[in-house]
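Reviewing the structure listed below.
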Amino acid sequence: MRKDQTLGAYLFSQGVSRRGFLKFCSATASLMALPPTMVGRVAAALENARRPSVIWLSFQECTGCTESLTRSHAPTVESLIFDAISLDYHHTLQAAAGHGAEAAREAAMEENAGEYLLVVDGSIPIGNPAYSTIAGISNLDMLKESAANAAAIIAVGTCAAYGGIPHANPNPTGAVSVSDIIKDKPIINVSGCPPIPVVITGVLAHFLTFGSIPELDELGRPKAFFGQSIHDRCYRRPFYERGQFAKSFDDEGARQGWCLYELGCKGPTTYNACATLKWNEGTSFPIGSGHGCIGCSEPDFWDKGSFYRPIAAGLWGSRDALLGAAAAGAAIGIGTALAARSKKKRANAAKETEST
Amino acid sequence: MSALDTISVRVEASSGNVRPLLHEIRHALQRVADGGIGTTIDLGSLPLAPGEEKRIEELLGSGELRAELDALGPTVLQETRYAGVWFVTHRNTEQEVVARFIEVTRVPELLLAQEVDMQRAVHELEKQLEVN
Amino acid sequence: MNERVVVDPITRIEGHLRIEAQMEGDRIAQAYSSGTMVRGIEIILRGRDPRDAWAFAQRICGVCTLVHGIASVRAVEDALKYEIPKNAQLIRNMMIGAQYVHDHVMHFYHLHALDWVDVVSALQADPKATSDLAQSISNYSKSSPGYFRDMQAKLKGFVEAGQLGIFAKAYWGHPAYKLPPEANLMAVAHYLEALTWQRDVSKMLTIFGGKNPHPNFLVGGVPCPIDLNSDSAINAEKLSQVQNIITQMREFVDQVYVPDTLAVASFYKDWGAQGEGVGNFMTYGDFPEQGINDPSTFLFPRGAILNRDLSNIHDVDLNDDSQVRESIAHSWYDYSGGKTESLHPYKGETELNYDGPTPPYSQLDVEKSYSWLKSPRWKGHVMEVGPLARVLMMYATGHAQARELVDYTLSTLQIPVEALFSTLGRTAARTLETKIVADNLQTWHNNLIGNIKSGDTRTFNEVLWEPSSWPKKAQGVGFMEAPRGGLAHWIVIENGTIANYQAVVPSTWNAGPRDADGNPGPYEAALAGHQLHDPKQPVEILRTIHSFDPCIACAVHVTDPDGEELVKVKIL
Amino acid sequence: MNSNAENLRNFRSRLEAIGEGANGEDPMSDEERVRRAGNAFLREINGRMAVDLETCIHCGMCAEACHFYEATQDERYTPAHKFDPLRRFYRRELSPMRWLFRPFTRKVDAAELREWQELVYDACTGCGRCDMMCPMGINISELIVVMRKGIASAGLAPPEVQALQNEQLTGGSLFGVDAAKLRELVSQLKSQQIEVPLDQPKADILVLTTAVDVLVFTDALAALARIMNRSGASWTLSSKAFEAANVGLISGNTSAQALASGRIIDQAAAIGAKTVLIPESGHAYQALRWEGADSSGNELPFEVLAISEFVTRELDAGRLKFKAAANGRSVTYHDPCRLGRHGGVFEEPRRLLEAMGLENRDTESNRRENYCCGGGCGEYTISRAAPLRQKVFEIKRREFENTGADAVITACSNCRVNLMIGAENARWQKPIESLVETVAKNLTDA
Amino acid sequence: MTLLDFARGPALQWSMIILVAGVLWRLGGTILINAKKDLSKARKEHAVADGLKTIATRSLPAHQFEKNIRFQHFSGYAWHIALFVSVLFFAPHILFFESVLGFGWPSLPNSIILITAAIALAILFALLIRRATHPVQRIISNADDYISILVVIAPLITGILAFAHLGARYETLLAVHLLSVEALFVWFPFGKLMHTALTFPSRYQAGSSYGRKGVRA
C-alpha cells in the first residue's frame, strides 16, 4: 500500500471484494468497541483512510507493551505492519540498528511531518537525562524532538501514560509520563501493564479510520475501552452481589469462581476492558485465572497497597501508629484530668474565703 | 453436621447476561417479523463467564442454513434453530476469531452480492469473453 | 584507521544497549558494552509486601515476561521455607517451559533472523525452488509453491510501495548475507508464520496466569485453582487446550525451527569460529521434579565450567559470600568501600553515580564508568550464562537427548565440537534446548493430569500466606534458568516487608562492562577480533550480540540497602 | 387528726409568709454571681458527674419521667434541660476537651442563673425518677443538686428557701421552732402520759424530730415517743440538736448543710449514741444517712436509721409487737423519694403495713419508679410554684385513685404536708396518714 | 494522589489516629476527674456487681416508663441494630476490621445489608426530623446533635450509593464513602457519639451509686 493510496483502493487492488471489505469494517468496528450500527460510518471512513507513518519510541520500559502488541489477533501485528500502518521506527521489531535505525526515524519524521503518529512506551526519567539514552540522546530530548511534528501521540502502557513502575515510590530516576512533558499535542493514553493488545490496535484502528483521536476519559484513555470498571463487567460480579467471596486461593469459593474481592481484587477501581475483551484471543483474563485484578491500568497502581490487600482494608499503615495514638490520647487525657483536679482544688481553697 | 452438607451444590459461573441476551433477541426477532429493521449484537461487548459463549451457542442451536464466506479469512454465517437469528463468526487468515455477532435479520447483509463486486464481475466477465 | 564504531541503539533486543567498538584496521580491538537505561526497580521494591514482589520484579522485563516473577516467588518461598503443592510445581514448570519455547522461537525469527536473512533478496526467489528447499528440510505442511508465491507477492507489494516500515534502512545487500534468495524467502515466510504461531502458544500462560505478557503468580503456589467441574478453574477443557498448545509447539519446533536453524547455519559455518567470549559457563539449574531444593532432579543441571573444560563441573552455591559478587568498577555506581570492591548480593549496595558525558553525546569515556550494568563475577571469573551454558552443562553431565541433539547438529553441519563455543554455537544451542524443553512440556502435562486423576487438585499452600506467620527476619534466594541464562533474586525480609532486594540477571552476566581487573564481559570479549566488512554497516556486531539474546531492562538494576542519599549524580 | 388538720391550716399560712421574711436576692454584682456559681460548680462536679455530663445524648426521654413535664408538657421542664448551664460550664472549664469546646460553648450568665432558678427549685424536686429512666444511666438529680448549689452560691435561691436556710443557720430549727417550743411540746405530751426523754446526758439512741412534726404533726412525735418507749431502748431527744431537716441540702448551700448535720453528729457523739433515728422525713434521712459523713469529712460513729427501719428491726427482735389483724383496711404506701429511691428504704414500710394486717396497694408507679409527691426538696415552701405543684398533684391523685385503697400512708412529713395541701386544694377526701402514727396505734400494749 | 488514595491512605490513617487518641483522651480525661470516696456506710457491698448489672439492665427501660418512650425506644433499637448489622456484617467492612484487628468473621449476604442500611437510614431521617420538631428534643439539642446524626447518616447514604454504583464512578463513591466514615471517626471523640464508650462507665456509676444505697438502678 502506497502512502498516497487509500485503504479502500489498496484492498481493492489486493483483490479483496466489497463483501470482504464490509467484513473487515464490521470486525474493525467491533475492535474499536463501536456498536454494530456504526459499521456504515466505519466503512465510509476506512475506504478513504491512508496508511499513517508510525514512530514507536521505547523509553524506560520492559518491552511488555511491544510483546503485547505482537499478541494482537485483530488485526494481527503482521497485517498491522503490512497493511494498516507504516511502522517506521520500533526498536524491538525493526531490522536496522544504530545509525541506520536513527536515520529511519529522522526520515519518517521529515517525510511525514505533521502527519505521523508517535507511539511511546516507557516513562521518561527527568532526574538525570543520562538515566536513559538512545543513540546518546536522552529520552527527554528524543521525545520532544519526535513529538514536535507528530499528529498525535499514543502513550502505550501505564509507564508512558502515567509513569508506571519507574514512577513508583520513591521514583529513583524521576520518571514521568508523556503528558507530563508534552502539552501541545493530542495524547491518547492506552494504559495497562501491558495494555490489552486489541486495545492498542483498536486505538490505532480508530486513528487510521477516522484520522482523529477517540473520545477520552478524564485520564486521557479511550472511553470505548476504559469506560467501565473491570468489576462492572466481571462475570463474577453476581457472586459479589450475593456476598460470595473466595477467602483464600484454591479454596472452594476460588474453585467455583466466586468473587475475589477479599483476596485484594482491584476490579472495582480499575477501568479496562479485560472482562469483556479478555486476553490472548479471549482465552482468559487475570480474574478468570484465579488472581485478583492488580489495577494495572490505573495511575500509580503500584503504590496503592499490596495487591492482596482488599480495597476496603484501606491503606492506613501499621497498627503501631494507632498504639502511639492511644498512648498520646491517654497521656493527654491524664493531663487534662490532672489540670481539672487542680482547678477544683483552687476552687475549694477559694471557698474558705468566700462568704455565703 | 446437618444433612445439607452432604448435598453437593454446584454453582455455575454466570454473568447473568445470558437470559437478558435471549430476551433481547426475542424482541429483535419480533421486530423483524413485524417488518421492522434487524439488530446486530456484538458478543465481544458482553461480559461473559467462561463457557457462557458456548452455552449461548448451544441454546441457539443450528438451523437450516449455513454460509461460508472466504474474504480476508473465513467467515461462517450460521442460521440458528430460530429462523432469522444468525450466528456470525469472522476469522482472519490465520483462523483466529476476530469478531462474533448475533444478527437478527432476514438475510445477513454480508450474504448479498455487492454492487461494486457485481460491476467488477461484469468487467471481468467481459474480459473473459474477449480472451475467448 | 582506528575509529570507534558505535552501535546505538542495538535494535531487536529487549531494552537499551549500546556497543562501542574500538577498531584496529578492520578488526575490533576492544568492544565496550553499555546499558543506557536505569529504572531502579529494586529501590522501588524496598518496604513492600514480599508477596507483591513478583509483580514488580516481573516488570523488569516484558519479553522474558515470566522469569522474574518466578524467581521472585521462589526467593520469597526460599526465605520463608514455604513449600508449594506438586501441581503448582508442575504448572510453573509448564509455564517456564512455554516461555522458553515461545521466547526462543521469537528470538530466532523476529530478533535474530534479520542478521542472517536478507529480506530484499527474497524478492528474487523462485517460489517453486523455495518450495523444494522447504520440503527437502522438513515435512511442514505450509510449503507449497503457491504458498511461497503469495508470500512473495505480499512482500513485493510492500517493498514496491516504498514504505518499508520496520525493514527500512537495514543492511540489505551487505555481502555478509549469504543465503540464497530461496532460503531468504522461506525464512521471511516463517518470520510471519512464527508471529501467528506465537500468538497461539502464548495462550498457555494466559490459561494458567490470566494474561500474557505478565501473567500472574502467587507466593505459595499458583493462583489458578484446579476443579474439573468448574468453568472458573483449570478443567478438562482447559487441560485439553493446553495439550493442543503443546502439540502445536512441538510441531513448530520440530518442523520449522530446528530445520530452519540447521539450514541457515549451513550457510554460516564460518560463524562457528568467532564470537566465543570467555570460555567460562555457568548454570543455576531449573525444572525441578521433586522440589526446588533438590538440584539432582533438575532437568537443567547446576554448575560452572571454566576454560571450556567440560570434564570438570564446579559446584555453584548462591548463598556463598565468596562466589557470586558484583563489581562496579566501570559502572555508574559507587560502593562505600570504593569502586574496586565487589559485593555479594545479600550485602549489595548501590548509589547511582553518573559520571559519563552529558547527553547528547557521541562517545563514552570507557576509561571511566560506561554502563548502568554491573559486572557480576563467579569466584572472580567472568561467566557466560544462557542456552550455550545449559547445553554444554547437559552435554557434560551426560543428558542423553542433549548429547544426541548436539552430535546430530555437529555432524549435520560437519563442524567440530569447538564450533559450539561461538556465535553460531550459541544460536544452535538455543534451538536444541528449545526442543528438549518442548518435549518435556508433554511429560509435565502428563504428570499434571496424572496427579489430578490421583485426586490431588491442590495448587496453593495457605500455611504461610499471612505475614503474621513469618519470622521477623528472613532471607533467601530464588533462582531459575531464564531463557537468557541463570537468574537469581536475593531477598531480605524484615518485619513482613522487603528490606533488601537484588536481582543478578543473565544479561548482567553477559553484557556487563569490565570489572576492576579490567576483564571484559562476555559481550565485550566475544566481539573482540571481529572483522567488520563495512564499519558503517556493522552487521557482524549485531550477529554476535544478538546471539546472546540481550535483555537489557533485565540487566540494569540498582539497590540501596542503606536507603540514604539514594541518588547522587555528578554531571561532568 | 383534727389537731393535725388545724395545725396544717396554721402551717399553710406560715408557709405563705416565709418568703416575705427573706431579703430577696443577695446584693452582689452579676459578675460576682457568675463567678461564685462557677466556683461552686468547680467544687461540686466530680468524676462521676463528669462522666454523666459527657455522656448525655440529648434523647429527651428523661422528660417522660418527670412529673413536672408530664403535668404541663412544658419542654423547659425536661430534666436534661435543667442542667444545661452546668453542662456548658463543665464543657468550658473541666471537660478534657475544654480548650476545643470553649469557643463553641456559650458562657453561663447571671440571667440564665435567674432563669434556671425556677427550673431547678420550682420545677424539680430532685426526686430522681429521671435517673431511673435515663438510658445512659445519668444521675440527673445529682446534677440538678449541683445546679442548685451554683445558683445558691450566686445568691439566687428562691426567697423562701433562703429564708429557711438563714433560719436554720442562726436558730438550728425552722418555722420558728426552737428549743423552747420543743420543751413546750414535750411537756404537753407528758401531760398525755407520753414520756419523752429530753436532753439525757447519755443514751443509745438519739432521736430527731422536725419542725414540721413539732408544728403540724404533733401526733407523729407522740407516736414516735410511744414506739421508742415501748421498745425499751435507751433514747433521748436533744434540745440542742432535735431538728432532722437540713435546709442546706435543699437550698444547695453546702456550708449550711454541713452545719446542720454537724450539730446532730456532735450531739450524738456527746451523748454516746450508737444510733441516730430519723423521723418521718425523707431529705433528713438523705442528709444524715448518705451525706452526713461526707459533710463532716469523717465516717459517722453511729448508725443512722429511718424510723421504719428501726421498727422493723425491733419487730424482728421481738421487742415490739403488733396487734394481730387489727385492720383489714387497704392503704397505699407512697414511697418518699429520698427515703426510697435515694435512700433504699422500700420494703420495711411495706413489711410493717403487712405485719399490721393492712393491705398495701401500690400505685402503678412505685418504689424506684414512684412519682414524687410533687413538693419535695423544699419545693412546697415556694409560694409561686403552688399552681405548678397542684398540676403535679393530679398525677398522684390519679395514681392513688387507681389503687382504690382507703388511705394513703407515707413516711415523710414533707410528703404528707404536700399531699394534704394538694388534696385540700383539690377537695379530695382520701386520708393521708403517717406510717409512724399507724405503727404506734397498732402496737400491742404489753 | 487521587481522591480515593487520599481517602484510603492519609485521611484514613489520620482519622483513625484522631479517633483512637481522641477517645482515650476524652475517656481518660473524664474518668480521672475522680470522685471523692463516699464515706457513708453502704447498705450492702454489692456496688460493683450492681454497676455491672446496670450496664446490661439499662438496655431495657423499666416497665413503667416503657409506654411513654415506646417510639424512641423502638426506633433507637431498630436503627442501632440495623446500623451495626450493616457495619459489622458487610463483607468489605469485615475486611477493614480484619486489617485493624487481625481477625475477621463471617459476613451476611449483601441484600440483607442493603435492607438494614435502608432501615437505619430511614429511621435516622425520622429521628432527625423529630429532633428538629419535637419541643423537648429541640430545646435540649445543640449543634453536636445535628452534626452527630449527619455524620452517621452520611456514611449510610454514601455507602448505599457506592454499593449500588449510583451517581458517580465507583472509586469516587467509595472515596466519598470512606471520607464520610472518616468524618465520623474524626467527629466521634468530640461529639456525643462518644456515648458509645461513655455509656458503660455512666451506667456503671448509676448502678453502683444507687446500688450501695440498696436501690436497683
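Lettered A, B, C, D and E in written order, each chain numbered from 1.
Rule of thumb we're sticking to: a contact is a pair of C-beta atoms (placed from the backbone, for glycine too) under 8 Å apart; a residue touches a chain by one contact, two chains touch by 3 or more.
Note that this is a predicted model, so its numbers are computed, not measured.
Here the chain-to-chain distance from chain B to chain C, counted in touching steps, is 1.
Common neighbours of chain B and chain E (chains touching each): A.
By the count of C-beta pairs in contact, the leading chain pair is A-C. In terms of the distance between Cα centroids, chain D is separated most widely from C. One finds 60 Å separating the Cα centroids of chain C and chain E.
A separation of 79 Å divides the Cα centre of chain A from that of chain D. Chain A and chain B, compared by their mean Cα positions, are separated by 32 Å.
Per-chain CA centroids place chain C at a distance of 96 Å from chain D. Residues of chain A in contact with at least two other chains: 73, 76, 236, 256-257, 281, 284, 288, 309, 332-333, 336-337, 340, 344. The multi-chain contact residues of chain D, meaning those touching 2 or more other chains, are 45, 50, 94-97. Multi-chain contact residues of chain B, defined as those touching 2 or more other chains: 10, 13, 49-50, 94, 96. Contacting chain pairs (ordered by label): A-B, A-C, A-D, A-E, B-C, D-E.
Interface residues of chain A facing chain B in the complex, by the touch rule stated above, are 16-20, 22-24, 26-27, 30-31, 33, 35-37, 73-76, 79, 233-238, 244, 256-258, 275-277, 281-282, 284, 288. Remark: chain D residues 45-48, 50-52, 54-61, 63-65, 69, 75-76, 78, 80-81, 84, 94-97, 100, 104, 131-139, 289-294, 297-300, 303, 340-346, 364-365, 368-369 touch chain E in the complex. Of all the residues in chain A, the ones that touch chain D in their complex are 332-333, 336-337, 340, 343-344, 346-348, 350-351, 354, 356. Interface residues of chain C facing chain B in the complex, by the touch rule stated above, are 196, 199-200, 229-232, 237. Contact residues of chain A toward chain C in the complex are 1-3, 5, 14, 51, 53, 58-68, 70-73, 76-78, 81-82, 85-88, 90-104, 107, 125, 127-138, 141, 164-166, 168-173, 175, 193-194, 236, 248-250, 254-257, 274, 279-281, 283-291, 294, 296, 302, 306-309.
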